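Here come two complexes built around subunit A, the first alongside subunit B, the second alongside subunit C.
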Partner chain A sequence: MHLVRVIGVHARIGILKDLQYRVNFAGQLVNSALGFLLAIGSILVVFRHTDLLGDWTQTDLIMLIGVFSIVRGFINLFVRPGLQAYMEGIRTGLFDYVLLKPLDSQLYVSIREFRIWSLVDLLTGVGLVVWSGWVGGLDASLFTIVLFFVTMLAGFSVVLAFWFILGTSAFWFIKVDNIFVVFDSLFQTARWPLAIYPGAVRILLTFVVPVAWAVTMPAATLVGKLEIGSLWLTLLVPAFFVAVSRIFWKIGIRHYSGASA
Partner chain B sequence: MRLFRIYLLSALLHLKEHLIYRASMLIWLFSMVLEPVVFMMVWRAVVLAEGGSAGGHTEGTLTAYYLIMMVVNHLTFTWIMHEYAYRIREGVLAGQLLYPLHPIHRDVTMNATYKLLGLVLFIPALLLLSVFLKPEFQFEPWQFLAFLPTLTLAAAMRFLMEWAVAQTAFWCIENSSFNQAYYVATMFFSGRVAPISMFPDWLSAAARYLPFWLGVAFPVETLLGSLTPDEVMSGMVAQAAWLAFFAGFVAWVWSRAVRRFGAVGS
Partner chain C sequence: MAPVVEVRELTKSFKVPVRQSGLGAAVKSLFDRKFTLVDAVKDVSFTIDRGEIVGFLGPNGAGKTTTLKMLSGLLHPTSGTATVNGHIPWKRDNTYLRTINMVMGNRHQLSWDLPAGDTYKLHQAIYQIPDDEFERTLEELSDLLDLHDLLTKPVRNLSLGERMKCELGGALLHRPEVMFLDEPTLGLDVTMQHRIRDFVRSYNLRHGSTILLTSHYMADIAALCERVVVIHRGQLLFDGPLAQLVAKFAPVKRLTIELDSADADLGSLGTVVAHDGFTYQLEVAKDETTDVTSHLLANYNLSDIAVEDPPIERVIEQVFATE
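Up next, the complex of A and B:
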């Protein structure tokens, strides 16, 4: 309960901060619209030449882009700004104050910042998912919906843990802003279903850099392509990555010696 | 002669500067290798689904297209427009204006040296990926000969075009939406999302005259022989025309931009 209130307070501060910069909202709208244009355009070109891309139809792919947008919105809403602030803190020494808070530092870092305009991406994603589900004749049974939320949660956890694993290296290397470029470029692989990648790459994108997996799973659930046999991965992969990021973070904190007095 | 010496010294300086940021350079280069590879996988999946060929392409030709594209895109890209607002805001530009030399020369050498260093990664990446993915090349000598001038023109033209795009930062310091619009246009029309022959005919015909395609995919298709000698010639004429246009435009816009510039920073 206490945690919910803490998150609520930080979200409110974030919203108030962003409401000062309303023009950014227009900028975010334009950027999201352009990103949407590129994604849909790419799909249209691809499907001029085929009906099935790794057994995914055009509507299925729009579902995938919807989930992709949701995950990207989730990242930009608080994961990226939080980790950016944390890395800046490592460099300037302000991270000391994070450690002084009576709250788990990893948790605090992930909820501290909140960029409300990124909701545009998230909502666009929800819209695409709903639209594609409607056009594609989604079988909206309770089981599918529950499974969607479970896989979505698994996806969020994996992505968050992955960001932390990348970001934690700041404890050693101090200036690693570019590490986010690694994520952004790897995340491009998630725009397409895992099925298009050759076997070895698919394994890599599931177990080593599970970003494409995180997006494909929820979309696959909704378009009826989730193999029930691989459902155990939905628990295992996030559990593994969260554990690794947790351990890594603990080691990192011990390594942190402060930059200021 | 004086300019030549300045270029030489500035190139040495930037070479050393890039070498300081080796890790960050490696990360950026990695992302530039990954993008064409992902689209290659997409199109290979399409070809596979269609039983071996789609839109006149096979797995082998698409692989060749994207591998060469990877190198050509590296050799012609710039990052100036993403940096320009920062330069203005943080006063970097104010300092650069004090030199008795147009700031564009700095960008030329900075860019060229980066490309040179990048090849250290791109050539092995090209060879390694070729071994695994088995591209189909058929080179005729004339394609090689035509490749060099088309590549040079492409690099020069794209550099000036993107330098011109960067100048929007003088009018609107938050120019990320503008950059994003340019990015989307260039992804589509330069042949990075798909070889433009995959587009509807009217669109691919139009794209052939746009600087996006001329700055990236045109040299690629020249080297791979998917263009006739006549098409290569007319493409080079179009490149030269755009180059002249952007040179004039940059000169014009720069003279106005500097007048707008109220130095920020120290």
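Up next, the complex of A and C:
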């Protein structure tokens, strides 16, 4: 209950802040529109030459792009701004104030900032998922829906944990803004289903850089391509990445030396 | 009564990268970084009782802030132990963090774009302060700090002093039992320094909270702290009442003399630190004070004489200069 309240107040403050800068809303709209056109455009181009990519149809891929947008919206809504504020805080010493709060510091960092306009991406994603479900004749059984939410949750946790693993290096290296660029490049791998990558790369994209995995799983669930045999991964991969990110974080806090006064 | 703060042989060393200046050295250090270990705090021990206001004195880089940061749980020490309110600070238990807070004069935590009142709501949620208690505390703090008009203005439109008042208010909303104030009057004008000082004193009297304070301004320490802890190069030099500090470290007394002559040569008696018309200020070694005074009385036509300790700033300056 406490946590819900803290998240609520932070979201409220985030909205208050964002409402002061309306231009950002316009910027976000343009950004989302461009991202959307680019994603859909590249699919249309690819499918001029083929009807199937791996065993994914054009509608299936639009479903994937929908999930991709949702995950991107999730990242930009609070993961990225939170981590950005945290890295900035390490450099300026403002992170001191995070550590002073009687809350789990890792949790607090991830819910502290909130960029409301990024909801545009998230909603675009939801729109695409619904549309492609409609066109592709989605089997909307309760089981599928529940499974979708479970895999989506797994995806969110994995992405959040992965960001933390990258971001925690700030405790040692202080200035690591390039991490964002690195992540954005890696995240592009998630535009395509895991199935089209060769075996070794697929393992890499599941267990080392799990972003493509995080996006493919929920999309595969909706288009009926989730192999029940790989369902155990839905628990294992997030558990693994969350555990590693926690360990990193704990070690990092011990190394935190603060910006000198 | 058990002390609130107990510190035993606390030590903190930092690994600091070293390199020569210049481009060549910068490129070289990309591949081959050299570090040295610097002891920011070394074997420091002290205890503080509930309700005390203790001042930390020391030049820049003496280890004051590092000590405070270890006590507030921000930094892990290299060795040594400390307990505050029965907790080991760097374990950062939520129950511990709920009973303390730290304010840093050079770092502000209020959201720049929003009125302080909005950020206060955040603190209310984080510290789980019930509504009625929050309102009561806010009312009290607003009265003490004169915040009423400030809380609704965006923080970026406040002056430095007003911002500091809002920072202090925000830090005290959960009524911490132990407060760490790191240079709370940094950069403020004299009037505002007074306000902040008055506030800290009355807050301490009202709630009996324990306050550890660092400041560059001797006036802050002199006004607020009966007890000072002097740290120099990470080591504890002195711990006791302010008056004793002067007695211990001032090797001289200051004589202010008024003569009937404006050109007396007193150089053979001690160091003339000031001379303005018929008034002379003379610094004399402590154990020679009696002899010099009787010599002056016997040989000069004195209209006035006063024997005092030198100003605290000067004593401190000498302490830090002699190492």
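Note that in this section the second predicted complex is superposed on the first by the 259 of 261 C-alpha atoms of A that agree within 3 Å, B and C clash if a C-alpha of one lies under 4 Å from a C-alpha of the other, contacts with A are read in each partner's own complex, and residues count from 1 in each chain.
Here is the rule we use: a contact is a pair of C-beta atoms (placed from the backbone, for glycine too) under 8 Å apart; a residue touches a chain by one contact, two chains touch by 3 or more.
Remember, it's a predicted structure, so these values are computed and weren't measured experimentally.
Colleague: Touch test for A:Y197: subunit B only (first), subunit C only (second), both, or neither?
Modeller: first
Colleague: State whether A:G54 touches subunit B only (first), subunit C only (second), both chains, or neither.
Modeller: In the superposition, A:G54 contacts subunit B only.
Colleague: Looking at A:S257, would you say it contacts subunit B, subunit C, both, or neither? Reply first, second, both or neither.
Modeller: It touches subunit C, and subunit B stays clear.
Colleague: After superposing on the shared chain, does subunit C or subunit B touch more subunit A residues?
Modeller: In the superposed model, B touches more residues of subunit A.
Colleague: Does subunit B (first) or subunit C (second) touch A:S185, or do both, or does neither?
Modeller: A:S185: touches subunit B, not subunit C.
Colleague: For A:V45 in the superposed arrangement: first (subunit B), second (subunit C), both or neither?
Modeller: A:V45 contacts subunit B only, not subunit C.
Colleague: What is the contact status of A:G35 with respect to subunit B (first) and subunit C (second): first, second, both, or neither?
Modeller: After superposition on chain A, A:G35 lies in contact with subunit B alone.
Colleague: Which partner does A:L236 contact after superposing on A: first (subunit B), second (subunit C), both, neither?
Modeller: In the superposed model, A:L236 contacts neither subunit B nor subunit C.
Colleague: Going by the contact rule at the top, pick out the subunit A residues touching subunit C in the complex.
Modeller: Per the touch definition, subunit A meets subunit C at residues 2, 5-6, 8-10, 13, 16-17, 20, 92-94, 96-97, 99-103, 105, 254, 256-258, 260-261.
Colleague: Under the definition above, what is the set of subunit A residues touching subunit B in their complex?
Modeller: Touch residues, subunit A against subunit B: 23-24, 27, 30-31, 34-35, 37-38, 41-42, 45-46, 48-54, 173, 178-179, 181-182, 184-186, 188-189, 191-192, 195-198, 201.
Colleague: Contact residues on subunit B for subunit A in the complex?
Modeller: Checking each residue of subunit B against subunit A gives 23-24, 27-28, 30-31, 34-35, 38, 41-46, 49-50, 54-55, 174, 176-177, 180-181, 183-184, 187-188, 193-194, 198-200.
Colleague: Spell out the part of subunit C that touches subunit A in their complex, as residue ranges.
Modeller: 14, 65, 69, 72-76, 92, 94-98, 100-102, 104, 106-107, 109, 111, 113-114, 118-119, 121-122, 124-128, 182-183
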